[in-house]
Amino acid sequence: MNSTAHHTATEEGVSRRGFLQIAALAGTAAGMASRAAYADGQIGYWAMDLPDDKLKGMLRTILRIRWHERTMADKMLTDSNYRGYNHFYAGQEAVATGVCAALRNDGPFDQIDVAYSTHRPSGHALAKGVDMKLMQAEMDFRATGLNGGYAAEMHIADPSVGFMGADGMIGPGHAIATGSAFAFRARGSDQVSVVFGGDGTYATPHFHSALNNAKLLDLPFIYVLENNLYHQYAHYSYSCPHTDIADAARAYGIPARVVDGQDVFQVYNAAKEAVDRARSGGGPTFIEAKTYRYYNHWGAPGAEAGKLGAFGYDPLAITSFRPEREVRAWMQRDPVDIARKTLIDWGLLDAAAADAMEEEVKAEVTEAFAWAAEQPLCKPEDGLKNVFAEGEVIPRQIA
Amino acid sequence: MNSTAHHTATEEGVSRRGFLQIAALAGTAAGMASRAAYADGQIGYWAMDLPDDKLKGMLRTILRIRWHERTMADKMLTDSNYRGYNHFYAGQEAVATGVCAALRNDGPFDQIDVAYSTHRPSGHALAKGVDMKLMQAEMDFRATGLNGGYAAEMHIADPSVGFMGADGMIGPGHAIATGSAFAFRARGSDQVSVVFGGDGTYATPHFHSALNNAKLLDLPFIYVLENNLYHQYAHYSYSCPHTDIADAARAYGIPARVVDGQDVFQVYNAAKEAVDRARSGGGPTFIEAKTYRYYNHWGAPGAEAGKLGAFGYDPLAITSFRPEREVRAWMQRDPVDIARKTLIDWGLLDAAAADAMEEEVKAEVTEAFAWAAEQPLCKPEDGLKNVFAEGEVIPRQIA
Amino acid sequence: MTEKSWMYAVLEAVAAEMRADPAMTWIFELTPPVASNPGMPVINLETEFGRKRVVNTGIDENWMVQAVIGAGLAGSRAATYIPYQGACMPFQAIQNHAGKLRHMTGGKASLPVVFVMEMTGQTPGFAGQHSDYEIDSYYMHIPGVRTVIPSTPYDAKGMMVSALRSPDPVVFLYPAGLRMLSEEVPDDQYEVPLDKAAVRQEGSDLTIVGSGGGMPDVLKAAKRLTDEGMSVEVIDLRVLKQMDTETLVASVAKTKRLLAVDQSYYTLGPAAEVVARCAENVEGARFKRIAFPDAPPPASPEMFNWMRPDAERVYAAAKAMV
Amino acid sequence: MTEKSWMYAVLEAVAAEMRADPAMTWIFELTPPVASNPGMPVINLETEFGRKRVVNTGIDENWMVQAVIGAGLAGSRAATYIPYQGACMPFQAIQNHAGKLRHMTGGKASLPVVFVMEMTGQTPGFAGQHSDYEIDSYYMHIPGVRTVIPSTPYDAKGMMVSALRSPDPVVFLYPAGLRMLSEEVPDDQYEVPLDKAAVRQEGSDLTIVGSGGGMPDVLKAAKRLTDEGMSVEVIDLRVLKQMDTETLVASVAKTKRLLAVDQSYYTLGPAAEVVARCAENVEGARFKRIAFPDAPPPASPEMFNWMRPDAERVYAAAKAMV
């Protein structure tokens, strides 16, 4: 079965399940899928039933995030005029992609699902549907950026696609996200509120508040905990007595799943189940995705232009570095490779088509960076705007 | 076996276990003990082994708390000169008494165990060894009171007996108490830090902080949760998804027990186990004592002079009142009765001796109130002291 | 038009807004949104709007405020009533989130929410944590929230209507010491602006500025001074952020004497800002503050009452200036 | 005596106190207590004192502060280092517990503890929550804590020694923008008082008052003004609570002109208190404040840098006054 034939099949509406029966005959269906993909026996394998364009769209999203990351790293390492900074998401792309693929990302604001992000937002933003050019201009502090240059990386927000914003603080976002879920339930909407958070969020007092109130009020709320093993420079065992943080959520009576965060389809399956539950009034869900980031906590120390990942020395870590072998071991189970190989296995595309998609994505990213770099800088006085909905505050720095 | 004979036996050092063998022969040992006393099969019945004076001391403590409560209620209801207020503890006496009986309550400050209390502190204070006269003078805002009139009920503190203080806030005390436990462990002391808290503390963010850090650092910390079913005017099911709040603690891997909070000996058994664990470096324990308060949340509304308990109308409750039948049902399992009957069953004293003890206690309480009422009022200007260890602040209210 | 208490007037405003907007929510903890007033229907938001919209939570003020922020971001108007004991628990959420989100997102986030923050009744006897009057200062330095402190039932209702209709987050301070005040308050909805101080009495010898729970004492002192022939101008700040400099400066430019009164602690109470703004803008005037000393409120009524800048203290301070 | 950085000087003070007192503890989160300085041994509290005394916790600044309070109450000296991102998380614990416990217990509670509160480096680009400079105000209104803000490595070490030896809780503000400053700092322990401002330069035409992260800009402007012939008196507040009124008033009584500079937001920044105290005590003087406007710090360097009251702004403001 070649990719062209398959493409046609999809357009004709052959379901994924139908396709899989054919693929299974060829004996390759599950061959290259990730080790843990079927680990959790109770979970439905919903991804199987998705239309081809949706499945290919997931790979494309992963690639878009990945190449945005890599281009940004290269810019930071080679272009001294480039001013943006970043908390890199590379390595975790499958989590944002799988979760957002299960959400309603367009339509009127009072009907779409909302997602709250963290200090590491670019992957979540792109997966939720934020425009890459506008986002990149914002990261580069431009007046025409997504948020007019007020936000930069740590506060980018685009409510029009339900991307409620990055947040530089660890903890509050989770409680705030339950507030949106509370509003949905109060106004009888079937919208769902999702929050992304790291393993570092477990220790915050807000963890308890978010889960307890979500459970008590049966809120349409999904807590996606991306356990990338480290909060800043400390392993999560410094702050959490659980091996699976999901166990902490189960204690509240909240259904929880641990998934392979490197496999976008496994993430999607768990998210789909959670979204279905939330929409139908079944209350909150907790998803712990085991994953890993390829770069250091912040910026590009230890990285090399043109190469993926960062190893060893990070001046901010001071005394504690992640073992290089650990980073390399995780890079063996790369979310790009896993998604790509699975789709090739499933016959949705062949290597050539996958390569072509990647080239398209690279071109798009290059263009976004170029566009952003041409955008105008901010006007100093505009800093006095947007404090309140109307008017400006007084420039008190001036005598 | 009459009480005089028994008294002699104790002075001669006959152990409780030894005595119980005799009592068991008489077929009455466990007859009148509370229903749930032996419910938790794993728990050692440590109270059996205590010397007589210690066991009788527990009854005396319960009676001292109870008569302090009743006298205070009567004062509030009948004496218009009386200015003290109170969050009544009546009904819960066995909890404070049983826990503190397992603690080290005298000695140098760097060797005694510490207990942190709540907005409902008088029972904890008396059980920990605070002087009743000084406490009562403080509650009556006297210059010679325990805390010089600065504290009144909600902030009484006497570190010299390890009573670290009442606290008017719900939540922080628990985290602060873990800090003392942290200090003990850091300095290699075998002291133990105990916090009392209500069911209302479960929902606070501090609940998570206290338990998580106590577990992570294996602190000598005991969380005594007095589940009296209500936080102010709301049933605990409004704020907690668990039937047994102890389940929440178990989720952290912290050993937890649910005990009958009306039976002082059962409380003692759980506390003794927890203290032994903490002293030997075994980390924290959580004890949930199911109990009930006989008065309304605050002050004496609904109470009648000379009668125990308050029923029905409480102006502060506005719309939600505890069912009178619920109050009366709990009063059937009174901690005074249970302790008294158990000791009589065990042959430590007879009804006459128990009555005599109660009369002694009443006299002591009456005297404490009388002494307090004669104490001098505070000097206004003293309000400017004790802000810092040295000096006074400036009286800014005066032009 | 009926004489109404502070709380009745405020809940009347809230109930009318909730009737008009089925998405609006209210979160409370120990203070049920219930009020009654002679001759008027009992207001009970919980029974009128149901438990999906009006929620009674556990003791977690930080969650209450954050839930309201999340509801606002999702497009629902929302409000919460924080009891005074918990008034600083959600401080960070208001300081770092509510107040900054609009600006940080370049105007993309909107927060049509109200945080009703109870302040203690300053009841003598309750001591340190239950008689303090300090949160006006903390919530006044935060940019991006409108911090208001009405001191009369009329203003309270009108400012609550304005606050609920405002796209900006409002910290609505409620000095519980005013709970017994009542006055004529219209039954219909009306707005009182969120950026104007009120001149309560005009005069030319001295300007006295107060706010919130301190106003009754200020007015009492002003009456006595006026009766004795002094011409006193009395200003009720009403709004702490953004403070109405114009009204203050115009008054002090006229009287050349400013007495600023705080119930909050002296250091960096609102009166510091009042004096500083006037001192920057009016030359040759005299300035004086009285406030609660920089000490927690002690339990003993003897100590506590002596420390309050009450009508007697205001009177004495004014006499010393004129 | 060696040239030392701010952090090296401070950790040197801490390490010496911990060597002398085996009960003393240190709690940190993401900032390991490690510092190096050319020609000096590396200081690493964690390896030197072990993980029972020096603890690396999860992201829960509220717990960190409360744990230190509990350690202090139990008789152990204790300190914690709170990163700027979490600087308002433990606000309530300091406001309602640390600051009040001694007074509320009539002197029975003692808190020999230090909260090192990092303030942002005001790095342009980090925006709202990571470039703000506002906590000086919040922690200044609280009674019962000594809130200090040293602006030089020498003062930082000496005030840390005093803070650790003080029976009062100390909020020790660390403006991270000063991390690159270095100067000669004695190797031995010495104390700098916790209640005195520092006159950095004497003069008679104008008093400029600044603090913390704003001092380098104030000094730079003062140098330029001095070079141009103006006689400028420069005061570094150093202590926010209790503020050293005497030094301020003596200076303004002499110069009759006060320029108070805040990096904090204008409304109720420390400069409001500086102006108010001087206005109450000095007649016929002129007063001016400059500060960060009442807006969160925007990300764009163009906007942010324009909004900072930097040396250029201080210079211009001074020129406008004299």
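Lettered A, B, C and D in written order, each chain numbered from 1.
One rule holds for everything that comes next: contacts are C-beta pairs under 8 Å (C-beta built on N, C-alpha and C of every residue); 3 or more make two chains touch, one makes a residue touch a chain.
Treat the numbers as computed from the prediction; the structure is a model and nothing was measured.
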- [ ] Please strip out subunit A, keep the others put, and tell me the connected groups that result.
- [x] one piece
Task: Taking each chain's C-alpha mean as its centre, the one farthest from subunit C - done: A
TODO: Mind checking the centre-to-centre distance between subunit C and subunit D? Centres are C-alpha means, answer in whole Å.
DONE: 30
TODO: Report, in whole Å, the distance between the mean C-alpha point of subunit B and the mean C-alpha point of subunit C.
DONE: 39
- [ ] Using mean C-alpha positions as chain centres, tell me how far subunit A is from subunit B in Å, no decimals.
- [x] 50
- [ ] Would you give the residues of subunit D that are in contact with at least 2 other chains, written as numbers and ranges?
- [x] 57-58, 60, 62-63, 89, 92, 96, 103-104, 127-129, 143-144, 242, 265, 288-289, 294-296, 298-299
Task: Junction residues of subunit A - those touching two or more other chains - done: 149-151, 155, 167, 169, 203, 205-206, 209, 212, 216, 238-240, 387, 393
Task: Chain-level touch network, classified as line, ring, star, complete or other - done: complete
TODO: Spell out the part of subunit B that touches subunit D in their complex, as residue ranges.
DONE: 109-110, 114, 145-151, 155-159, 164-165, 167, 169, 172, 175-188, 191, 193, 205-206, 209-210, 212-213, 216-217, 385-389, 393
Open item on the list: Give the list of subunit C residues in touch with subunit D in this complex.
Closed with: 88-89, 91-92, 95-96, 99-100, 103-104, 127-129, 134, 137-138, 140-144, 241-243, 264-265, 267-273, 275-276, 278-280, 283-284, 286-289, 294-296, 298-299
Task: Residues of subunit C touching subunit B in the complex - done: 30, 32, 34, 44, 46, 56-60, 62-63, 85-86, 89, 125-130, 259, 265-266, 288-310, 313, 316-317, 320-321
Open item on the list: Residue numbers of subunit D touching subunit B in their complex, please.
Closed with: 22-23, 25, 27, 52-53, 55, 57-58, 60, 62-63, 66-76, 78, 92-93, 96-97, 101-110, 143-144, 146, 166-168, 242
- [ ] Give every residue of subunit B touching subunit A within the complex, in rising order.
- [x] 203, 205-209, 212, 215-216, 238-242, 247-248, 250-253
